[in-house]
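Structures given as structure tokens follow.
Presented sequentially are two complexes of chain A, the first with chain B as partner and the second with chain C.
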Partner chain A sequence: MKANSTSNMDRHAPLVKTNGLCVRFPLKKESPFSKRRYVNAVSNVSIEIFKGEAFALVGESGCGKTTLADATLGFVAPTAGEVFFNGEKLDIRNKKRLRQQRRSMQKIFQDPASSMNPRFTVARAVAEPLMIRMELDEKLILSKAAEAVESVGLSAGDLDRLVSEFSGGQQQRIAIARALVSGAEYIVCDEPVSALDVSVHAQILNLLMDIRRERGLTYLFISHNLASVRKFADRLAIMYLGRIVEYGDAEKVFANPMHPYTRMLIDSVLSLDGGKIASASQLQTGAVDADASIPDAPFDGGCLLRNRCPLKKKECESIECRLEPVDDEHFTACPYYKTR
Partner chain B sequence: MSVFSIKNLKVAFPTPRGIVRAVEGIDLSIGAGECLALVGESGCGKSVTSLAALKLLDTSSCIVRTDEHLLLDEDISKMSEREMEGIRGRKASMIFQDALSALNPVMSVGKQLDEVFMLHFGLKRREAKARSIEALRSVGIEDPEARYKAFPHELSGGMRQRVLIAMAFASNPALIIADEPTTALDVTVQKQVLALLSKLQAENGTALLLISHDLSVVCSMADRIAVMYSGRIVECAETWELISNPLHPYTKGLMDAVVRLDEPKGRFTQIPGSLPDPVNKPKGCCFFPRCAHASNKCGEAMPRLENAGNAHFVRCCMSGGAYEG
Partner chain C sequence: MKAVKRIAGSTAAFIKKIWMQKQGRIGLILLTLLALVAVFAPLIAPYDPYDVAQRADKGLAPSLEHPLGTSITTGQDVFSMLIYGTRVSLLVGLITGISIALLGSVLGVAAGYLGGITDMLLMRIVDVMIVIPTLPLTILITNVFGKSYVVIVLVFVLFGWTGLARTVRSLVLRLKNADYVKSAELAGAGRWYIMKTHILPSVSHLVIMSTALSCAGIMIAEAGLSFLGLGNPTAISWGKMLAEAQSGGSMLFGQWWTIIAPGIGIFISVFAFMRIGLAIEGILNPGMKGKNGMNKLIKHMGNRYLDEVLSSMEDAE
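And now, the complex of A and B:
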């Protein structure tokens, strides 16, 4: 899936690339003699994240977004397929090399209150990656921590305070400082604002945007808020039950969503002037009804969305959904996009 | 006629750093079948208000004062804890944000639902079970007989929230307080749960007090909206009136913070600054330090909550109001 250059990012150099990536987790056996079953958290995903772009991964909880992101960081081993970072394959068994590669990667978690030790001082929380990875002297570590803390809008005087003394938004700033301190170029932002108040979202997202521009970072931005994704991301992938159903240039996908699931997600965005929720009809037509969960049975063919899809056809029971190009920067897995 | 009304509610918590005045004089009144929403940032006192409404605050650690506190024309301000137990879950109930911690993890959801019917209606377990299964069906849970036996961890987030809603509506109370009922949920599930809540509320004519920090959630549910800031109501009006004609700068800021789907790529609009320290609140208007339109006078005196026409109340002098005292 080669795309042509339109914006400032380098379209020829994917920083992260997955090739037919599959990750599955074993389920607990019901009895010692039954056959082991698996959850296919990520199945056959091939994406490219280019240097300097903000790539968004969108989907409901349980669709495998976090597993896919963790696979690009070498946190989980692929069952099949491969992950490349900077052109080099991530080999989860080569611990030494993986540790070196991980110096250029970081992750920002959803809930800052539970991803940092509340009894650490800000200095210790931020400097932790430096202390673990590199043999630097204490002075240099502290000055780097101070620099990182200032770059996220806190003051160096805050370094001696405890993490738990700060508000949620400020704690997320500290988490961002921790991700920046070691000079990582690839940062996974796993729902960085969903644990925060709506009024704080803008501050954190603007901060992430500014930092990316200043430092030329690459983001994998995980979110289920489509309105924010549209403002934030250059390209995106919509994920449903472990598969990518729509992929490509963010503006093109929003201007012309091709997959019914993408449209469902767009429809579920609440607006201020949308009026009261249509109570009865919403439930009965049930376009997006029932919570989705990844089937543990082996894939039996057919479109996975078919039970929730408002445009379902008979053929959907048996078709094989592959990403097909709408144009050279927009791909969809619904074969019926042309007929609509 | 209002189902629930509270006048001049004040809540203060003594702390080692000083007194935290979480709520400083709030009036609320909700009619039958009406949905009133309370919006504001975390720390503005909205959850404390919701707990005080059902007298759920621990009075050994805080001071609660009201001029009037009525539920169905009964004065509940003087009621004992024992009398309140007869009210909660029967005449007024609550839906909490985090369903996983609101439910008992070692008891099946059906058994927990049974308790509502056994406690409040004195039913036997078998009769209660039939009612519980009916209640699960009414909140759109498929195969309720099987789900009756499920434990909370075996259900998805949306399903758990539905169970809580079933529980709240089980005794057909006059008032339901929903404290951030969808914050922990995905956008797709959020819309379903809100639609369900709205449907049940309309069918039963329940008065609903909805608490949220997200104005877009509130707009899809509420008849009237009260915007809260630093322990006070700064603006209150009917939903459409408030959205089409916001008068307080804080309300405008909250509206801008909701990202619209048709916004192009670029920076997000943000409200500068953060809530004032509850121990050292600024003199004068509490929004003064963050306000772009403030005059010097705003830093000295608190504006009054005044009617700007169309039952639209606002606490801001720059939109034509007067100062207190």
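And now, the complex of A and C:
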């Protein structure tokens, strides 16, 4: 059985909700007279992350996963659309309110060595979010830091050592303690294990899962590792070039992938027994040419995957790909899923 | 106050690190000696060179009474002048070096971290300052505002901060995209907190090293200005001793000691600062430590040197 079957997810209250979210970044102009071009990092994304669930965001590098996550933290301004946190809109311009809302959010970065100041002691690194708030006195902050450090499996005696003295896995534990200390309920885990040794992946993932169960946290889990997503996630969204191509219950998506891109991802995972890439859907490899592939405006026609898709049809040049329900917990953006 | 305490603490730890290296220890010992000489000059020097009544015959050769003879133009005791000259050289070097460090690092951090209009304005000022030929302008300014050390220090600081500010800015540009800065911002940290806690401490080593090097450079520049007759005419400095020896024709009369003495003073103090700079370099960049470290240091003094250290720091990360 899936380890997260005990999760305390509440389907009725989305903690984080995006509504037609678009984020685009301007490219440098080639000449002063040329039209400004943009990279649409996130195009028209509407997702809901429920309280207490682990929501995974899967896709290849550069597809906009981190931008989407940063937008839910109010870290990147949306070009269009909106983000709601706990039912309240995140307003980037209202710095004061944003600061208050961010108290319930935290992010765990990919590389723990750079996400904490190497000059800091563990105590300072973990306690920093509380120190910045300047509400509690130092003693209380330190005891909270000690508590958080112990809850991730390190000893309070490590508090006075420098962050840089620890191994990658331990540093990521410290980063997790830092995320916990401020009592955040929504934590973005941005590829939390991909910078670590394979041998500690399971440890860190299990730690994250245990903590979630104990504290009822909500995770947005960014990954390109399908194995860990399968183990970890309640629901997921598959992203391709800034769009959601498949979205829904993790078990259902893995059992019955509807979008050709999802199939490619699942099929491209090396299987241990076979030892080779199962090539049922023949992923057309090739670099993601973000500049050429992402049109200036959202939905100017055609499926974005068409040049790599093994199931390409003539109509793919002009169709509009919108998420359509397969059933009420599973959505796909490929309109031809029924015909296959 | 806490920030001050922390900076003091880390400075003490850093000086200890310098002391742990042979290069740095030599530099620190020499610098301490020079400082003691400067402070206790009236006790060490046999005569008061500022006292007209204590002047002897001009151009006397070294003797027990006058260990380095007397000056050829005024008849002051050269050894006493050398001792008193330490004060001017050291003071001008240190005050200028530290002011440059403060101004350069603060403006560099401001430009790099705040970005936008602040950055643009500061960097355009730097661009303009860098192309201005310093020496003619210094001559002009000292002629207009009077030949005092206050003016000279101000001129040095005015033109000295630009290189450091640029170097600090480039380091800050890299630091401000670090995940730990983002992470602090996410926790609600303001700009002031981030500059104070994350950015400034990370550039401090670079600033200390550049201070050691610029102190050495400023001392030479001060000697040069005094030699050209642009220093304070009433003060005794090593540069002015050289100028007097030159104008009085010391070489002509074979009185080499009047030239060697201030030369040795300049050499020792510059040597001390360079050694300290070299030790800091060893701390920042252990890979470059070695036989040819000193040569590299001399070769890359100034901005080019800082840039190289900066890029090797980048590599180390």
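Worth a mention:
The rule we apply is simple: the second predicted complex is superposed on the first by the 306 of 340 C-alpha atoms of A that agree within 3 Å, B and C clash if a C-alpha of one lies under 4 Å from a C-alpha of the other, contacts with A are read in each partner's own complex, and residues count from 1 in each chain.
FYI, contacts are C-beta pairs under 8 Å (C-beta built on N, C-alpha and C of every residue); 3 or more make two chains touch, one makes a residue touch a chain.
Just so we're clear, the structure is a prediction, and the values are computed from it rather than from any experiment.
Legend: residue contacts after superposition of the two complexes on their common chain; A:255 is shown touching neither chain B nor chain C. Taking chain A as the reference chain, the count of touched residues is higher for B when chain B and chain C are set side by side. By the touch criterion stated above, A:209 is placed in contact with chain B alone, chain C being left untouched. Contact with chain C, but none with chain B, is seen for A:75 once the two complexes are overlaid on the shared chain.
Once the two complexes are overlaid on the shared chain, A:132 sits against chain C while remaining clear of chain B.
Judged by the touch definition given at the top, the superposed model places A:92 against neither chain B nor chain C. In the superposed pair of complexes, A:107 makes contact with chain C only, with no contact to chain B. Comparing which residues of chain A touch chain B with which touch chain C, the overlap is empty. Listed in rising order, the residues of chain A touching chain B in the complex are 60-62, 167-169, 197-203, 205-206, 209, 224-228, 230-232, 250-251, 254, 264-266, 268-280, 282-283, 288-291, 293.
Of all residues in chain B, only 41-43, 140, 142, 156-159, 186-192, 194-196, 198-199, 202, 213-217, 219-221, 239, 243-244, 253-255, 257-261, 263-271, 274 touch chain A in the complex they form. Residues of chain C that touch chain A in their complex: 178-180, 182-189, 193, 197-198, 201-202. Residues 73, 75, 99, 102-103, 105-107, 109, 111, 114-117, 119, 128-129, 132-133, 178, 182 of chain A touch chain C in their complex.
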